[in-house]
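The structures considered in this document are given below.
In what comes next, chain A is part of two complexes: it sits with chain B in the first one and with chain C in the second one.
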Partner chain A sequence: MLFPTIDFALFFAVVFPITWLLNGYNTWKKCFLVAASYFFYAFWRLDFTLLLFASSLGNYLMALALGRLKDGAARRTLFWAAIAGNLGLLGYFKYYNFFVASFVNALEAIGFKVEIGFIEVALPIAISFVTFHALSYIIDVYRGVLKPTTSLLDILFYISFFPHLIAGPIVRANKFLAQTVGPRDPANIRLGQSIFLILGGLFKKVIIANYLSTNFVDDIFRDPAANSSLDLIFGMYGYSLLIYCDFSAYTDIAIGVANLLGYEFPQNFNYPYRAISVQDFWRRWHMSLSSWLRDYLYIPLGGSRFGTLATFRNIMITMMLGGLWHGASWNFLLWGGLHGAALVIERAFGQTGQADAVRRSPAATALRWFVTFQFVSVAWVFFRASSTDTWLAYFSTLFSGANWSTSITPFVAVIFVLGALSHIIPPRWFETWEARYDRASLPVKILVPFVVIFLISVAAPNGIAPFIYFQF
Partner chain B sequence: MLKTNPPDLAPPSPPQPLRTSAFVVYATLALLALTIPQSLVGWLQDKNSSELQEIMLKGANVLQRVSQQTGIAIPYQRARDFFLAATGKTDD
Partner chain C sequence: MVYRSGTIAWMGRLRRSRFGFGGVSATARFDGTFFRRPAKLTTGQRRISWRLAGAAGAVLCVPLFLHPIASAAETHEANVTIKIAFAGDSLVDNYWAGITRLVAANPCPKITFELGRFARNSTGLARGDRVYWPREIRRINDKFKPTLTVISIGLNDRQFIVDGKGARTAWGAPEWSDKYRHEIMEFFEGAIASDAIVLVMGLPVMRDRVANADATEKDSMFMEAINAIGAPNLHYVEPWKLSGSEPDTFSSYGRAKNGRILQIRSPDGEHFATDGEDLLAQYLLPVIIGSLKEAGFSVDQCPNMPQTKAEN
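Then we have the complex of A and B:
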C-alpha cells in the first residue's frame, strides 16, 4: 500500500479512530495496530507476512534467552546465532543470487566452469528495514541497554508498525518500546507539524519525484550514451533531487502519520544538500540509518579508538556494508566505497565540516558546499545506474563533451526549481507556518490540507510510482 | 523539510488535539471526495468485483452525479484541463 493513494487514505481513516478509541485498552490497541500493520504489509503479498511474524517471534525468543543467560560463552554464542539468523534471512532473500553469480563469474574469469543453482524467490519488501529493527533490539538486549520484553505483542508491534515498516525511519527498539507501555497522550499530537510533514511529503513525492523520474531522469539513465553531456549533468542533479524528494517524502509522511496515532519517530533528513562536507552530509541524510551504522557497526568495529589506519579501515567497512545494505549490486558497494573514501580523505585532512565552519569565511563555506554537493551528486550516478556498463557509458559520454544541447522542457525546469526550493526555504518558515496553523480556526485547519491536496491532485501524473526505498 | 528535534519545536497544542485532528482528517477526505469524485469512482472501478465494491461504486456514482449537478466538481475539472493544456500533458 502506497501512502499517496486512496487505499491508504481509507485505511488511515479506519485505523485512526479505532486506535484512539482503544487507547484506554493498551493491549487491545496494540493487537489492533499489529493486525492493521500486517494488513498493510499483506496488501503487497500475503505469504511474506509469515516471514515478518517468524522474524519477530525468533527475535523475541532469542532476546528472552539472552536476558536470562549470564555473561559467558553461551550468551555470546546465542547472540551471534541471533545475528547470524537475522543476517542469514536477509542474505538468503537479498544477496544469495548476487554472491552466487559473482562467484561463478569470478571462477569463469580464471577458466573454471561451475554450475550453482539460483533461487527464484521474490525479495520480501522492506526486509532490510525489518532486519535492522530486529538487530537493534537484539544488540541492545545483549549490551544490557534494554531489558528484553516478555510481551511478544510488543515485539510484533515494534517490528511491524505500519508507518515505519516499509521504508523507515529506523526506530530504535528502546525508543519505541518505551512508547508501548501505556496509553498515548493525545496532547502529544502536533497537528500543525504532522499536517505539514504529510502535505510536504505528498508534494515531494507526487509532483517533484514522479515528474522528475518519468519526464527526465529515467530516460537519461536508460541509455546514457544517447544523451548530451549537458543532459547528463542535469540528469545527475535531477536524480539527486529525485531521490531526496522520494525518500524524504516517505519518512516525512511516516513521521506525520505516526504522530497522529500518538507515536514519535526520529527525524530522518535535515537539509542534506546543504552539507559542507561528506561527514556533514551523513549527519543530515537518512539519519536513522547513519546513526544505526555508527552505533551497531562502526563503534563495535573499534571506531576511532585504535589509531588512524584502523579508523580508516572501520570507516571503509561501515560505508561499504552500508552501501550493500541498499541492494545486491557492485554499484551499491562502489557507492558506499566512494563515500567511505571521501570520509577517510576528510578525516585525514581534518575537514569534517560543522564545528569548524564557523571559523571559515562565507566563500570557503560556499566552496566546501559546492564540492560536497558535486561529490554526492556524482556518487548518486553509481547508485542509480542499473549496471557497470550504465555508469561507464554515463561518465564516458559526459566527459566526451561532444554535445551541449539539452532536452529539458520548461515544465521539467519548473520541477527542478520546485525541488531545489525544498533546500532553499529556511526551516524557520516551516516552523512559522506550523505555528500559525496551530493557532488558526478549525475551518482554516481543514481548508489548508484540502486546498493543498486538491492542487496536488490537479497537477498529479496518472499513477504513482513506488517509492525508491521500497526495494531496499 | 524537517527541522530539528520535534519536541523542541512543538508549538502549543490546541485544547483538544484529538478532536481537532479528527475533524481535519475526515473533513479533508470528505471535501476531496466531493470535489474530485471521479477519482473515487475510478479507484472503485479498478477493484475486484464484489458485493461491497458494487455498493460502494453505486454510492460513489451518486456522489459524482450530485457533485456534477451542483457544480462542485467543476473547479477541479477546469483546473485539471488548464494544467494539461499549459503543460501539454494528457490524462492517458
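Then we have the complex of A and C:
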C-alpha cells in the first residue's frame, strides 16, 4: 500500500478516527494500531507478516533476558546472539545471493569452478528498517540506556507501526516506547504542520519525483552511452532532485501521518543540498540513519578516540557498511566508500587548522556549497547505476564531451525548477501558511487538503512508481 | 546572520525556521559551522578568498569553452529506414533498454533502426480507464508509424477489467477470462491495423508461484488470440529462458553476456536487471531481424551482431 494511493487514503480514513476514539483506552488503541500496521504490511505479502511477528517476538524475549542477566560472559553471548540473529535474517534475505555470486566469480577468475545454489525468495519489504529498529532496541537494552519492556504489545507496536515501517525514519526505541505509555494529548498535534507535510510530500513524490523519473532520469540511466554529455550532467542533477523529492516525500508523509495519530518521529531531512561540506550533508540527509550509524557503529568501533588513522578507518567502515545497507551491490559499497573518503579528506584538511576565517568568508562558503553539491551529485550516479558498466558508460560518455545538445523538454525544465524550489522557498512561507491553516474555520481546514489532493491527482502521471527506498 | 545579499542570502533564513519544505521538526537543529557568524576578514584574506572562488569558477568553465555547444558536426543524421516501437507495460521497457544498448553498440544497425519507447508503467489490458491499449496502440501507429512493434503486456492484469466503454468485470468473475480474451483481440487487432510487423512477447518465468501461473495462462491466451486472428504480420515470440530449455525456472542470478554470474532479474521477481536486459536483447534482436527479413526488408548484418536462429 503506497502512501499516495486511494487504498492508503481509505485505510487512513478508517485508522485515524478509530485511533482517537480509542485514545482513552491505551492498550486497545495499541492493539488496534498493531493490527492496522500488520494489515498495511500484509498488503504486499501476507506470509511475511509472520516474519515481522517472529522478529518482534524474538527481540522482545532477547531483550527481557538481557535485562535480567548481570554483566558477564552469558550476557555478552546473548547480546551477540541477538545481533547475529537480526543481521543473519537481513543477510539471508538481502545479501546471500550477492555474496555467493561474488564468491563464485572470484573463484572462477582464478581458475576454480564451484557450484553454489542461490536462494529464490522475495526480499521482505522493509527488512532493513525492521532490522535497524530491532537492533536499536537490543543495543540500548544491552547498554542499559533502556529498560526492556515487559509488554510484547509495545514491541510489536514499535517495530511494526505503519508510518515508519517501510522506509523509516528510523525511530529510536527509547524515544518511541516513551510515547506508548499513556494516551496521547490531542492538543499536541500540530495540525497545520502535519497537513502541510503530507500535502508537500504528495506533491514532491507524485508530481516532481514521478515526472522527473519517467520523463527524463530513467531514460538517461537506462543507456547513458546514448545520451549527450549535457543530458548526462542534467541527468545527474535530475537524480539528485529526484531521490530527495522521493525519499523526503515518504518521510514527510510518515511524520505527518504519525503526528496526526499522536506520535512524534524524528526529523529526517534538513535541506541536504544546502550543505557546505560532506559532513554537513550527512547531518542533513537521512538524519535518522546517519545518527544510527554514528551511535551504533562508528562510536562502538572506536569513533575518533584512538588516533587519526583509526578514526579514518572507522569512518570508512561506517560509510561503506552504510552504503551496503542500501542494497546488495558493489555500486552501493562504492557510493558509501566515496562518501567515506570525502569525509576522511575533509577531516584531514579540517585538522590542519589553516585559514579558518578565509574558509568562512561568503565566497568560500558559496564555493564549498558548490563543490559539495557537485560531489554529492556525482556520487549519486554510482548509487543509481544498475551495474558497473552503467556508471562506466555514464562517466566515459560524460567526459567524452562528444555532444552538447539536450533532450530536456520545457515540461521537464519546469519540473527541475519545482524540484529546486524545494530547497529555495523560505521556510517561513510555510510557517505562515500553516499558521493561517491552524486559524482557519473547520470547513476550510477540511476543504484545503481535498482541493490540493484533487489537483495533485489531476496533474499526476499514470501509475505511481514505488518509493525508491522501498527496495532498501 | 550576515549574508545580506547574493546567491546564498536565502541560506540565512533557515536559522529562523521551524521547518520547511524539506525539513520537518519543530526542534530543528542546524549545523553550527554553517550558521556561525563569519569571523571578520582582513582585506587580504577577503581578496584571497574571492580569487580562490574566481579561479575555481574559471576552471569549471573551461570544459564549456573546449567543447563548443552542440557539436553539430558530430551529430550526423542517422540514415533511419526501420522504425521499431516498444509498446506495453513496464516489462517492455526491459526489452527496449536492452535492444537500445545492443543496437547502439553495433554501428551497422545503429544507422538502420529507430527505436520508439512507448511503455506505460502500471498499465495493462485490464484497466482501460487508465490506458485503453487498443486505442493507445492505434495512436502509436499513427504517430510513430512503426515498421515493427514489440509488445509485452499482461503483468498488471490480475485485477478487475474496465473496458473502453467503462464497463466493469470483477476479478474472479466467471466471465473474466472471456472478457480478457476479448481485450487481447481488440489490442492485437489495433496493433496490426497499420500493417506493421507485430511481435508479441510471451511473459517470462516469474518467481512468485501465483504470478508465474498467471503468466503461463496469459501466454496461452496470447497464442490463442494470435491463431484466431491469423494475420501473417502478427507473431508470438516464446519468452526468453535462462536455460534455453523447458521448463524454465526462475533465477535472479545467472551468467551474463560477459560470462560472469550477475543479477539478471530485479528484486521484484518479475522485471529484469540491466544484465538481464542485455540477455533479453541478445535473444530478441535476432528474432526482430529474422521477422524483418521474412517480410522482405533488407537488414544490414554486422559481423558482431547476434545471429538469427536460421543462421545459427
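We take it that the second predicted complex is superposed on the first by the 463 of 472 C-alpha atoms of A that agree within 3 Å, B and C clash if a C-alpha of one lies under 4 Å from a C-alpha of the other, contacts with A are read in each partner's own complex, and residues count from 1 in each chain.
Note that a contact is a pair of C-beta atoms (placed from the backbone, for glycine too) under 8 Å apart; a residue touches a chain by one contact, two chains touch by 3 or more.
Just so it is clear, the structure is predicted and the values come from calculations on it, not from any experiment.
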Partner chain(s) touched by A:431 [first = chain B, second = chain C, both, neither]: both
Partner chain(s) touched by A:193 [first = chain B, second = chain C, both, neither]: both
Touched partner set for A:387, first chain B, second chain C, both or neither: second
Partner chain in contact with A:422 - chain B first, chain C second, else both or neither: both
Contacts of A:77 with chain B and chain C, given as first, second, both or neither: neither
Chain B versus chain C as contact partner of A:27, first or second or both or neither: neither
Comparison of chain B and chain C by chain A residues contacted: C
Partner chain(s) touched by A:123 [first = chain B, second = chain C, both, neither]: second
Which superposed partner A:252 touches (first chain B, second chain C, both, neither): both
Partner chain in contact with A:229 - chain B first, chain C second, else both or neither: second
Interface residues of chain A shared between complexes with chain B and chain C: 190, 193, 197, 200, 204, 248, 252, 255, 267-270, 422, 425, 427, 430-431, 462
Chain B-facing residues of chain A, complex: 6-7, 9, 12-13, 16-17, 20, 186-197, 200, 204, 248, 252, 255, 259-260, 264, 267-270, 411, 422, 425, 427, 430-431, 434-435, 438-439, 442, 445-446, 449-450, 453-455, 457-459, 461-462
Complex contacts: residues of chain C adjacent to chain A: 3, 6-8, 10-11, 13-14, 16-28, 30-31, 33-34, 36, 38-41, 45-46, 48-50, 52-53, 56, 63, 66-71, 74-75, 93, 96-97, 100-101, 104-105, 117, 120-123, 130-131, 207-208, 250-253, 260-263, 267-269, 273-275
Sites on chain B touched by chain A in the complex: 1-6, 9-14, 17-18, 20-29, 31-32, 35-36, 39-40, 43, 76, 79-80, 83, 87-89, 91-92
Chain A residues within the chain C interface of the complex: 97-98, 100-101, 104-105, 108, 118, 120, 122-123, 190, 193, 197, 200, 204, 214, 219, 222-223, 225-226, 229, 244, 248, 251-252, 255, 266-272, 274-277, 280, 283-284, 329, 355-358, 360-367, 369-371, 386-387, 389-390, 401-405, 421-428, 430-431, 462-465, 471
